[in-house]
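Just so it is clear, A, B, C and D label the chains in written order, and each chain counts residues from 1 on its own.
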């Protein structure tokens, strides 16, 4: 059973297991993401830092947009923690961040660090929530799920409720209504999370909530943004006579359905499709699109860029 | 050289050739498209009509939208013209059309009928026009091109101009400006066409023109409608941070970029794409999307349906 | 709980429900599939038969391959069972089948007929089986599942076993080995099914089994046939350096991985993919490809054609 | 007119133009590709080398395959040639190559270096050749075309022949036959090229030719390798009843249709497709797939990897 109390010990157990196997494979994998004003020599300094501690770079993605002087990078490397302890690694990168005036410098060591803690918000539509839970169960979603919050109740004998009970994941039903967003209670429940996932959560989170929470929120919109913002995009698409429908996962900002897009997926429709099959195809796309976005995010591949875009390494 | 004068004789020559080979293959292919209020027995009567004249049905597509009482069909069949002459076939279908109160009843016999005559309108961007001309030259666009009309001049030694000269296709340069749409002149030039193709023609045709012309006009929009209507959709898409860009071919109506959609195509973009590659990918999609729409239209596969949609058999 | 005993009553309950609502909507949906030697007048007779009993055709697909004289059709229509009772409908189509010497004439009335009964065979890999079970639970797989047969055991507390218990679906573990295919026992267990689904079942069913079972078997092959037949296609693909991997669902014949293909799906891979991600992408494709094939099959859209192909309406 | 003699002066003219505009934009773009045994510190040294000469890195792709100790990188940077002259840049990278025992170290400065010189070999099928010529004319294929070689004649008044005459590109017709591959003559004609493109050239080049030529040869195979090697893959695919057909561009090796794959593209087919439409769809894919491969190759994105694969950055 995975519950809140097991997370730390799980992480420690993994670290211990790694330590014991150190004779065969002492190297841990590290991921570093960096964003700073572009100048000459950033890659040189970053890679020199890693090499000087015996780290070996496997993979580097660097991106400097045309006509902008902003540098983005994502580096994967392996290192020997006995030679480069985690806290030293952390401060070495902090020094570089300070040196370059970086807006963003994040390093993760998946085998040592705690997994990302998330909460998932849902409303009546279950498909995205269930798909995430199944992937999580299959260990294809590398997060810890603190809790599920829904503004729509679910009976005790439903698949979702039984699943959550079996896995020790709290379910909080917070019905909303006009002027009753329950945001204070939500904030309290999600305080200890690293990011939030809105899995077809149909309430609009206020700017106040976004500011108070302060961390990233990933949403799935069941339409191909910027087409069909707002409600019932499947119906909007159906009535617009489009031949392609899609889903969009994006960061949540104050403006509805307008935050930086992380991933989009499409599927063909024709005159043979009715509103029901539009919705079914859309649900299939939403599940894949949302989980792909979360996966990329957890692997530190997603960096918001300018006000509307993302770099997705 | 193919010019206006050669069209009729070309058609007659094809018919003659077929006649002479009648001992080996006397059958011509027919396509019938039908739209009428839905009642019991339409397919029965249509197919009985064909069978009674010895016609053999190869392919039928029938579509009756959910909750609507409108019947659409497209039938491909082969027949022996000595047993079912073209003019009798025409009037047999007319009788059926009258019987069922059909809004639409069109029959074509590609081996006997004249090819569709079109005019292509273009502005400065050449890529769609050139692609259409090359496909036409390769005999993959089964139309006769009456003329090209552009509001943007082209020098005599350019590829397009030399190509048009070589093939005897008139090129008319009609520069436009504020309050100067040249629509009267265009109407005169395109009077003898069956439909028009706007291959990145950047002038908006007025409602008056559409009414006066009265026949179908197919446009290519370099964006994934209904996103990014109007000007510079590549730039709009680029600034919106989308991960998919597309092109849309559609019938032209009074409302800009809102006519029934015929075909849409997409391609992925990422942070690595700049505005130039957005445009290049878009141009590639536009060419394929427009030619696919024209091909489907010529094969009688496209029927406008309700105000915003199409059936594309 | 859905178990074998509930099936009939469920069907009767649906019919009764329809009967009671007959004042608002007396019409049932019918699907007819036909295959016979091609002659003039088949569509006429089929549609006349339907029209004469007050049936209204919604959708017709007819296909006569080039240079072949074989006719395939699929017709969707609605009818009033008080005017055209099920058993009369059945015998009316039988008369037509006899008249045209049809190889295939199947009619289904989803609201009256029993659902297709299937058994699913699996081995160690769970993903396709679990995906099918979840879709079935969501009522997106319109079948009754008689049982699951696996040649690989599963512990009592696994998700699959608990799921099957909860839904009253028997699970039979029949370990196989050299010379020990357990085919006799399998035949007995699946005797009462309409078709079988091999969801990554890794045993090759003998020609004797195929003959004895006599009904359709749908398999998912985790490779893009005819590439990578046989074992470990993901590894084969990985070592072949392909840029696209795929999955194929097909009918099982005596020849391994060579039966008529029903559906294929692909996804891109690059140098960044290792064998693990090849497998993960493949598993995702297999699930979608297999369920799409089963859905098409249940809707009578799939007709084997010649020895290697299918018509998929 | 672009001919062999114009190439050098064209390049010099571009360099001169850049020099004169140096006050506004003194930076040239450089691309460096590197392959060597993997050790700690390669990225550090490469980027330090660039930074030390005032070069600014825009883009880096590094790839070290799992469980292999081989390092691949592609770096894009800009530099001031007055500070880092071309010949110094060349020798600086050579020193690094020597230091790391690199198997591959290539640097290109598109604005200064000569364009790649290619020859295109074709047989009877024209579509890939024509598509390449059109893209080249549109300046979307950044190569100089030394000559076209075909083992199939073309009449003087055909589009291709007139096009080649207009652009001063020599056309050599070298009919082949049993035991008469004309390889000696081909070698002589292509001696001065950087790589070859086989645009549906149907002769198999011998191992002797490949060794003698010694440089890369890119082929387009009109099938989705490794399916359908050899002749008539469209017919093979048609008879295999596949639902997806594709094209593959790859490096030519001694083994027919088995060299490292660069790019693959697919398109759906159904029972409605006959052999003619299989071929048409295939031709469309071949054109896109081949030009994409050539474009990637010219941008130094393609590195053969192990015996069967490519890294395509």
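As a working rule, a contact is a pair of C-beta atoms (placed from the backbone, for glycine too) under 8 Å apart; a residue touches a chain by one contact, two chains touch by 3 or more.
None of the values given here were measured: they were computed from a predicted structure.
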item: Any chain that touches chain D and chain C; value: A, B
item: From chain C, the most remote chain by mean C-alpha position; value: D
item: Centre-to-centre distance between chain C and chain A (centres being mean Cα positions), rounded to whole Å; value: 37
item: Whole-Å separation of chain centres (CA-atom averages), chain B against chain C; value: 38
item: Chain C: positions in contact with at least two other chains; value: 59, 63
item: Graph class of chain-chain contacts, one of line, ring, star, complete, other; value: complete
item: Interfacial residue positions of chain C with respect to chain A in the complex; value: 59, 127, 130, 134, 137-138, 140, 159, 280, 284, 288
item: Residue ranges of chain D in contact with chain A within the complex; value: 38-44, 47-48, 50-52, 54-64, 73
item: Contacting residues of chain A [partner chain B, same complex]; value: 63, 65-66, 224-228, 239-244, 246, 260-264, 266, 270-272, 274, 305-306, 308-312
